[in-house]
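Heads up, the next two complexes both have chain A, just with different partners, chain B and then chain C.
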Partner chain A sequence: MSQRIAGPGTLAEQTPPPRSAGGLSRPAEVLLGIITSKKAMFGILVILMVVICAVFSPWIAPHDPAAQSLAFRLAPMFSTAPDGTFHLLGTDHLGRDVLSRAIYGARVGLIVGLSVALIATFIGVTIGLVAGYFGGWIDAVLMRLCDVQLALPAILLAIAILAITGVSLLNIVLILALTQWVAFARVVRSATLSEREKEYVLAARALGFGSARIIYRYILPNVFAPIIVIATFAVAQAIIIEAALSFLGLGISGATPSWGAMLADGRTYLAIAPSLATIPGLFITLSVVGINLFGDWLRDFLDPKLKM
Partner chain B sequence: MGSYVLSRLAQAVVVLLAVAFITFLLLHLSGDPALLLMPPDATRAQVIEFRTQMGFDRPFFEQFFQFLGRILSGDLGYSWRFQEPVLPLVLERLPATALLAVTALIFSLIIAIPVGVISAVKRDTPIDNASMVLALLGQSIPGFWIGIMLIFLFSVKLGWLPTSGWETPQSIILPAVTLGLALVGRNARLVRSSMLEVLGEDYVKAARAKGLSEWRVVNHHALKNALLPVVTVVGLELGILLGGTVVIEVVFAWPGIGMLSVQAVTGRDYPIVQAVILLSAVLFTLTNLAVDLLYTRIDPRIGYK
Partner chain C sequence: MALMTDDKPDDVALAVSNLHTTIGTGPGAVRGVDGVSFTVRRGEIFGIAGESGSGKSMTAFSILRLLPTRGRISEGSILFKGEELTTLSEAGMRKLRGDRIAMIFQDPMTSLNPVFTVGSQISEAILQHRRMSATQAQAEAIRLMEIVEIPDAASRYSAFPHQFSGGMRQRIMIAMALSCAPDLLIADEPTTALDVTVEKQIIGFLQKLRRETGVAIMLITHNLNLLAENSDRIAIMYAGQIVELAPTSEIFANPRHPYTQALLNSMPRGHISQQRLVPLAGVPPRIVGKRSGCSFAPRCPMAQELCTTVPELRDCGVGHSARCWFVEGSPRHDK
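The block that comes next holds the complex of A and B.
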């Protein structure tokens, strides 16, 4: 990634975006990278599918996810109810359509995943930038904060806080974000430590720019690549933890179905209707695999040195 | 070297103090810790008496130092559901969690080390690509779902293994495999990347130049050094697992501290939850510290950096 040397309105900001050796602009390079990589293509396709399911679920889902039919409970896949309605993935223990619930389930997963990643990015990046830029005792205190967060058992702490404060979408998002920021802080801190010694930062300091301006205008754009990669993995991680919380009975309840809660319900009927536990698990796995594959490709693309 | 050890010890103490503070804060989230710690059917008079008795009517920081004093003397509270002190109750369940964590870790390493080594040696071949995709899958599939699927296959369908509990020695197989599979991916990728780094070192090139067989170069020269960074991560993983097997313990009704704490949350028996969080954090910090200190023995350069 190229370094920005001057501030807004100066020569560096007016120049067009950098071009690769092949003469492509950065967005075109990214697009080409995605198209030529099977990993990235698969990841993007899966992510698109999840987004489409979440946004357009009322139009895509064949049935109302909350509509019960106690006369047609635990129906297997590809079954038709006496009233003529077709259930591609069968019905659950309350006679609700499994496919419709799985499609609607993408909403909770995606909302939680994206919100958690966004908040965790904000907290972690801010802490990482401040720790790396100022160093000294500020760095020591903030890094101990990371150690404290790592030492606390994330899921157990989330369960306890949710049980005490009550389960709501906002509480779940905030609590999960508080368990996910450390990766951002550590990586951004280490990148900032090396950036702050570079000439463009020294030049900005010599020009008398304030610390906040140097950090956010100059250092942040240069440590952005790993942030995007970690944020991608954080979305996947949050989807899994949210599903785990729902599985434990501490997820969002009510009309909105969630994959974790479907899995927990399905477990009871494992012997007679194994698809009830299999299908939501497949939806979670596919989404997380897609996001992780894309994140994996993104890491290799943005910094081939990081390729594991 | 000595100053490094002292500084690591001081850091660990600071972290543990902060963890104790957060654990203490947990009870105050509800606004009234006395209400949280008393049984749901307690009378108003009993709650008031308990509040005074426990000092919850005292200033906040005075309460914290009292709490700190109590935990340092081994008093982690009283479980009203089990009608006994919390610490022995948690310690009684700890061996089950530790056994599960260690077995899962060993299982993951048995698979991850050969997979990581083969991937590194056969870099950028279909074998490497397939292994890394499988590793990514392992990291992506939720453990609790794998657990349910394994129960369905090996317990419900084939009837080979018990579905839950720990009555027979076979009971540990499914939970340990479930927990281990999630770690295989991460560990295999770590071994691969560490191995790739070592394979490019001069001493490995020298070993090859001496005409040693590839097997000998990989096994005797590269692997030993490539596993050094793995020690740190495995230590961290053990620390995390000791407090993080909650969901898997619930899936398999494994009688460890994770299962105990979920039951405690459901039954509003918060002193147990508080104790498990505190104990998990202590175990994680101590394991981390032990690994760091062990690492300075393995690689003395660390202590002088």
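The block that comes next holds the complex of A and C.
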């Protein structure tokens, strides 16, 4: 019988060993994609800068972000204090170095952004998978829950809950996650709906696999691409809302440098020292644009319709 | 049916009797499978043929109870090796699926999970029903890949489905189906998406399999030519019912139901060169609610007044029955 399958036999000889099959390995493919796209390059550079600022802030920041110098308040950009210290972006109303505070501010932004995205992904993906796979009344209940969540403005909800629970980093993260999971749930649900009708899911059921295994092994890996994309947007969204909350006075306390709080503080001095409010604003804008651009590129990159 | 009484009980792999499967509920319910009865014996290839929507796949999915959300078996019995499946719990069915009853599907391009290697998927299928270590499962998977004649099986173990051709993927599906040595293999249009040379390989493989392991095979297809050479008995389905059931040679030599005759007239047959093909106009109806007469009557050239009464399956030869009022030489009713 072996001579009958000469076709596939020759195919096997031509194909390189499976591990390197397909020419490039996946990481190399991603790297190449990033390098060849301006969008992705810009996005990844901004993200890298924010991450480096956050992780290495004590080494990068020229000054202690909490050190006050009441004698040298509201100094403009590029000014040197009487004691000889140089303030590239000036000082704020308590004489603290703006650049150092902005660098340290990346920490809060990054922690909030990442942990919110992580928690929201977990909640939303779980709900979306369950709703999409089982359908029926389970789907109806979970999706109405989404509708309720969508009907409440994120900021308003966050303010209301923070007013009750009190402000802490943990509370802010949890509340923001609560406002972000719906996007995941809805996208994952619709992807699951189309995925569960695929023949390989039916084949898996015909092999005797249970629902949990089918969801975990067959559906989740196949709806993963949109999840990554939404997660990047959720990071950006969380950074913005966190800044907005700080601006509204519901952010993490003033001692911890945060872009939103800096913006709020600087607003009072907009007439005398406009850079105080605009610099943290620029940091927020730049990082959000960077993350969004990267997410945008990722979406295009992972969209199989654009390939081959 | 006459055939059933001839069978020794342990020779019968599957006995379906009076199976009804409906989609939806109430007056709008569609009768997907409507009173289907047949047996499949050990080592037999039992063909089910019919147009799209005739209920052949629905019959297969009823046996495995993999019905669409709103579908359910409303009546009848499915005896698999003496075990009643219609009353079995979902957990019991899950144990059976892929272990004692396996199924392969129409489109091998989409019936493998694209994100995992073919080998790991075979291993997973093995581990689902058998107790062994992951290393043993891997060795077993490679052995199965060799059985289904995947060249260079050991190194192809870690290849992804997209690196395989359609025929190779279908062989992987068969390897997964074989992983637990099933008693019944349901092949739902296994070669429809493949070209004819690959079709020959796959069917040849199924033939070899039933000779060597005695697995009973239900071969579902719309291609009667395929069944002509590769099945022992054939059931022709129309609008959810079996309209003719006979040994393969009988179906081709002596078709009794007008629908079977129309099907045979509409397809080219290799050995008759001067034959004119007669197309069969129309589509099979979806049966909603009560049947009013023979469902084939609207397309039937022989239809008469009598056909407004629902016909039963009537014997018209040894192991041959047809659901038509005008089956000659069959005065007695089957039921």
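Here, the second predicted complex is superposed on the first by the 280 of 308 C-alpha atoms of A that agree within 3 Å, B and C clash if a C-alpha of one lies under 4 Å from a C-alpha of the other, contacts with A are read in each partner's own complex, and residues count from 1 in each chain.
Heads up, the rule we're going with is that a residue touches a chain if its C-beta (ideal position, glycine included) is under 8 Å from a C-beta of that chain, and two chains touch if they have at least 3 such contacts.
Being a predicted model, the structure only gives us computed values, none of them experimental.
Participant: Between chain B (first) and chain C (second), which does A:R73 come into contact with in this model arrangement: first, second, both, or neither?
Facilitator: After superposition on chain A, A:R73 lies in contact with neither partner.
Participant: Mind working out whether A:H93 is in touch with chain B, chain C, both or neither, as first, second, both or neither?
Facilitator: Once the two structures are laid over each other on A, A:H93 reaches no partner at all.
Participant: In the superposed arrangement, which partner chain does A:T285 touch: chain B (first), chain C (second), both, or neither?
Facilitator: So A:T285 only meets chain B here.
Participant: Per the contact definition in the header, classify A:F209: touching chain B only (first), chain C only (second), both, or neither.
Facilitator: The second partner, chain C, only.
Participant: Under the stated touch criterion, name the partner, chain B or chain C, that contacts more residues in chain A.
Facilitator: B
Participant: On the A-aligned overlay, A:I164 touches which partner chain: chain B = first, chain C = second, or both, or neither?
Facilitator: It touches chain B, and chain C stays clear.
Participant: Determine, under the contact definition given at the top, whether A:A154 touches first (chain B), second (chain C), both, or neither.
Facilitator: In the superposition, A:A154 contacts chain B only.
Participant: Mind listing the chain B positions that touch chain A in their complex?
Facilitator: On the chain B side, the touching residues are 11, 14-16, 18-19, 22, 26-27, 29-30, 36, 136-137, 139-142, 144-145, 148-149, 151-152, 156, 189-190, 192-193, 240, 243-244, 246-247, 250-251, 258, 261-262, 265-266, 268, 270, 273-274, 276-277, 280-281, 284-285, 288.
Participant: Applying the document's contact rule, which stretches of chain A touch chain B when the two form their complex?
Facilitator: Residue positions touching the partner: 144-145, 147-148, 150-157, 159-161, 163-165, 236, 240, 243-244, 247-250, 263, 266-267, 270-271, 274, 277-278, 281, 284-285, 288-289, 292-293, 296, 308.
Participant: Please give the residue numbers of chain C that touch chain A in the complex, ascending.
Facilitator: So the residues of chain C touching chain A come out as 64, 66, 69, 94-99, 102-103, 105-107, 110-117, 124-125, 128-129, 149-152, 155-160, 163, 165, 167-168, 173, 176, 197, 201, 204, 208.
Participant: Show which residues of chain A lie in contact with chain C when the two form their complex.
Facilitator: Touch list, chain A to chain C: 1-2, 4-5, 7-9, 11-13, 15, 17-19, 21-22, 135-136, 198-200, 202-210, 217-218, 221-222.
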